[in-house]
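Across the two complexes that follow, chain A remains constant while its partner is chain B and subsequently chain C.
Up next, the complex of A and B:
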């Protein structure tokens, strides 16, 4: 276990260095003027030059890069050119909402994907229709799915809200930043229910694609496992097909589905930009969407690094979970 | 934690919005059935005295000495006030904090008489010392809008209601600087001093409370910031001690909703009270045909421009540039792109209401054959790179229209979008690396002619993106800026505008209007030039059905 963690930490540092260098290279190649964007459209040349010097943008790129890496090592991700706050502060404010949405989306994806895999492999009644709905939903572009959801469930049926993560201006912002937890901690039942209502539509949009991927992998794995000798033995002992599927086959088929879940979780963090933008969800997707037009490279870099760390951590967790699910696998 | 202050109106009406997602995506919302019947949303607006707005993106910080963009103007101008302001929808300057003012004959001393009995939101009295402190803060913060006080050598306060500004030389645009949404605003010295950080001997005012003013305010306006959560929402509450007409709406909620289609859906369902800007033309036309909504169109000073790079290729030839001015069918662009609703044809080198009719004309007779003829004798590549700024979707449509026109006349035009942060970099990029043409919709900081022409068309202008240059016009701008006789000032800028237009290096296409869609019954519209998003929220009222 320790060896695995050490290996992953080393790989994480390497990934972060490569990511940060890539961001800096992109900044140079993009030929943008972030300081002009920072000051405002009609800023004078003198004001831009003055601010460039203050922000260090007039220094050689290599100097800027080493200064940035030095800052990152001490937890300083620089200041956002758009919000004029520390990027670390911004991430602290925006990241919990993304974690909340992604975790909820991941939960939905696992549940829906699990159902899809089991129903397809077990040939449950209605499996074909369920599969058709899931695949159709997953095939639609995310923004279209989101807009359709808003039209149907917000505009037409009035069941669910369309934007933001709460309808309350005074919703609690701590201790976790995750609203469904914080509202509960503060005993705000109405806000807690409201927070769940806000989660459903964006959560479903985030979950559908990964759910189909997970479901397909699980189904394939289940079908293969169900041809095993021990499954045949279980059947010959007179167990029902459902018991065979749930008690004997499922656990031995989880590895590939877990790998896919880990992969999808990483991708979900990176893929929530569109969903957060359409639903005005106050997470790092919305933060990134607003930072890109402003050429806010410190913010973009901070988000990239966080996503990189998240990806490595998630995959490490998946490795551990796989070992738990199948002790024959070695963590080393 | 109190369970109250629900942000949005939960009384949703059964709006029969079409479910055709493609129509919505295309901006074709608001069908005839979209909002028929009584609007409960409007009723909610009137009964709760709360108005719900949306911004497409976070505004810059609401610090009046830093804020310098369009999104968020409504917040800053509702929370802060300057000495003077623009009258409703015109460039006429009228009193605000100052009830009157005089200008010395040499144009170097401005004496403002301040209204008495005014207070900042923290209760601090408004007086000349506070005005002097506000000017000092503008200079001390030294961000982009600080240029408006760059020529101020000193200020003096003979008495609490008299504030005197001394300039080192006459600045014809100075009073416009004061009236601009970005102009110096009065900030409470008490609030600023109480929240300054980093104070030391070499920096007695520290950060001038910049950190605190990122989420708070220290103004005198009809509204105070009661909540400012970046990425989520802002809440403004009416200031009970406001000196002017008390605002009708006690609370203004502003959400961040980037997607304009979602904003439309929320307007139709009653979640939003109005959409301040950004609606596509077909949506505006649909709302205009629906009695449940009102469409307000204001004469902003936004101008759709075609920048021409005179330093490379075929457009180095002045005759080709002149002919191209005639080849652009402005009328057709306004009809096609703006639906003859969101803009009017530009006929002057300056934005509307900056120059009397008949001066600084940029209104050539449409004659596409002239370009065809000019191209026959011109040398240089006929492959044209036409860029447009992606910050405004209409730029693309204007660019594509121009591409079609020029292609038909013998040029081969390639169109591509450029993010605004890249457009900003053009002014410092060698001209040879820039596109031949650029479509961009821009606005000045204020209504003074100098504030338009100097920034976009002066050889050293910070937004002279394709490096045009008309030295004679530059000289006239400098002469006009430091003149004191109004007739001379007008004459200098009129000539400069004519020279700039005739150069063919900047072709004005359309004067874009600011369009706001609200539920029926909202009235009291007051719009401040020169840019979009400056509806004065404090003047809004509701006169619809109770």
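Up next, the complex of A and C:
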């Protein structure tokens, strides 16, 4: 267990080094001049050269890279060229909303995926209908779901809000930055309910695609396990079908569904950027969306590193869960 | 542990289930009447069971014997009410267990009958136990209703240290222990009937003998009835009270086990008995076989299903299905119009005896095809500081002469397959050498012929692959392929077929054709017959025997079955935990075994009423093999020095029964025998730390 975590931390460092190196290379290749963007369209050549020197952009790329890595190690992600604040400070402001949306989305994806998998694997009439839902769900892109959701639940039915994560201007910002927690901590019940209302639609849009993928993998796995010898043994003991499914089949089918969850978590980070833009959700998706046109590479690099860390952490968690589910996998 | 387990025996959980089944102790536990089961696959109907009527008494073991496709497993699953649902089965007739008809009853009633009255043991204990649940809990699930204590259940099926083993997961137990857990689970609910479907087929012979003994003991002590479904008449005969022989979904013969075994009257029973390999089968000529292949359940003939293969066949056999008749007392009931011993027409066995083709005269003298010299092979199991290594081969030396057939025999994990793969070059060795003589090459035939043939290639392509680079034209290649097919007894049309279209026996023939299309110097066989039906296994053994004589190949044959080894091989090498413990001419090793392990293997060969020195337990852990003679932990004859003396092969004299060591082994005498048993080794000899190759350590010739 400890060995696994140590291994993962080592691999995380390697992943982050490669990620940041890639970002640097892309910056060089993109031919956009961040200093030009920083100073504005009318800046003189001399001013740009002076500012480039101050910011270190005139040094060799390798030098710049090492300087950056050194900064990262001390918690300094550099300054955003757009907001003129530290990238770390910006992330502190935008990240919690994204964490909130992603965790909720992941939770929904796992729950919905599990239900879809179980419902469509069963031998009952509705199973075919669930399989149809899964096929159509998989073919609908997330932004389309978001737009349709807004049209239906906001424009037509007026059930749910369409933008931002709260309707209140005085919503609490601490201690966690996650609104559904903070409002509860401050005892603001009306704000808490409002926060959930804002969360549901973007959360569902983020979760639906992954849920369908997880559900499909789980279904295949369940169907295969149902035909296994040990499930026949369980039936020969005269156990009820319910006990056979929950006690003997489900746990043995989790492995591939967990792998898929890890994979989908990574893809979800990409999906969140789109969904946050559609719903004007104040998270790092929105932040990234605004940073890219400004060629704000310190900001983009910071976001990429944070997403990389999140990806490795979630997949480590998946590995641990897989080993818990199946004792044959050792954690070595 | 749930509280249910601690409830006193016989008391049932409140609200458990309504009363299902008859009053215990009256009438037969099973009565099957005209049971028919068929499956529709595509547009064809597969008739698995075609009208079987059979009863099983309380406290009786019924052996249900048949080849694949005979319907024996479908019959067993019908009784459990667990027939596969897709393709959906068509069932008619009655299959009553404890008074409930498992054909007509609804799913919930069938479940309750299983819960209250039945238990089941399946073939492969690795796949039949839930890998993610501790075995104690799995047994507890079955024991809940009867309130039996799990630890004492595990104890009663001979699992040592039961309390600790309850916490184990299936993969942490050996194959034998897993099957004992399955049996504990089957008897946990105090069932009246246990359905055991090939319970020993996946196990080693020594463990098979232990499990069969256990089944007999449980039947005698608990009064539980058992259905023992098996393809091996010998296994059935060893423990059953009665035997029912199935053929083509019909009962061919039913009767007391001794009567069936000693004077089976159905030509099929007689044929099975004839083609069984036993330790005194004549090995100087091909084994007697049943001609033909098991019936295709999709197209049964209108008359007797056995008629196409029957040497008693007459015209009236094909008119109608023969019904069981006769029986009672010692006699068997037989479904045959012309049973053996009544009006024999061609029951002249000598007419079927074949001869081996003539062998080209040996050049004489020492002419090895392969020399294996002091080979070691480890498999790392875990890397890092606490790394462990599985020691698969711990110093094996072996010479195979040109044209000679050598069998490697031992339990699973003894290293026999590792050695074979090393000779095939499929993996390297850590230490030692494997040397082929000039012009010698090796080809391999695997156990599962179906899995070893690429499914999307035609048979012609599979065989023709080996002819690439021979500079042959397309037509020349095709001619070579049909020659190779003809040599293994297959028509040339087979070249166009895909592996899935062939039967198991045909696939193994194709595998042999592929290996011999360019005759190799050495043919390596990895248990090529153990996945085949008894009658087919004999055919394949004969085929290997003929091919090697015709093509002048040497054969290295890996098997766990000493009877098969004796038939196929000139010389047998018995392996235990990565070392050869005894080697010598087949007849001598089987007729006069010197090593206690060889004796134990021989005693475990299933045979009616066989007794002998059974060994307990299972092979020791190859990660940390015992010191000295690695067999001493299980050896019935062990003395204290067995644990300390090095395990060294010494050469024995060749006289029958003599235990004289002869002069060293130069010039490889084919009759030479070597044994690695410290009790047979000279008491005071400068002992090398490793077993010496080819018994060179034996130098002085005194009596022991």
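Operating definition for what follows: the second predicted complex is superposed on the first by the 314 of 332 C-alpha atoms of A that agree within 3 Å, B and C clash if a C-alpha of one lies under 4 Å from a C-alpha of the other, contacts with A are read in each partner's own complex, and residues count from 1 in each chain.
Basically, contacts are C-beta pairs under 8 Å (C-beta built on N, C-alpha and C of every residue); 3 or more make two chains touch, one makes a residue touch a chain.
Quick caveat, the model's predicted, so the values are computed rather than measured.
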- Scan A:73 for contacts with chain B and chain C and give back first, second, both or neither. neither
- Task: Using the touch definition from the top, say if A:37 reaches chain B (first), chain C (second), both or neither.
- Result: first
- Message: With both complexes superposed on chain A, which partner does A:238 reach: first (chain B), second (chain C), both or neither?
- Response: second
- Touched chain A residues, chain B compared with chain C: B
- Task: Considering only the touch criterion stated at the top, classify A:13 as touching first (chain B), second (chain C), both, or neither.
- Result: neither
- Message: Taking the superposition on A as described, I'd like to know which of chain B and chain C A:246 touches: first, second, both or neither.
- Response: neither
- Message: With both complexes superposed on chain A, which partner does A:230 reach: first (chain B), second (chain C), both or neither?
- Response: second
- Message: Using the superposition on chain A as set up above, list the residues of chain A that contact both chain B and chain C.
- Response: none
- In their shared complex, at which residues does chain A touch chain B? 30-34, 36-37, 39-48, 50-51, 82-85, 90, 93-94, 143-144, 147-148, 150-152, 154-156, 158, 161-170, 172, 186, 188, 190-191, 277-280, 282, 286-287, 289-290, 292-295
- Query: Where on chain C is chain A touching in the complex?
  - Reply: 80, 82, 85, 111-116, 118-120, 122, 124, 127-133, 141-142, 169, 171, 182, 185, 189, 195, 382, 384
- Name, in rising order, each residue of chain A that touches chain C in their complex. 123, 228-230, 232-240, 243, 247-248, 251-252, 325-328, 332
- Item | Residues on chain B engaged by chain A in the complex (per definition of touch) | 1-8, 10, 12, 14-17, 19, 21, 24-25, 57-58, 60-61, 66-69, 142-147, 214, 227, 229-233, 235, 253, 255-259, 261-262, 265-266, 268-269, 271, 390-391, 419-422, 424-425, 427-429, 442, 444-445, 455, 460, 462-463
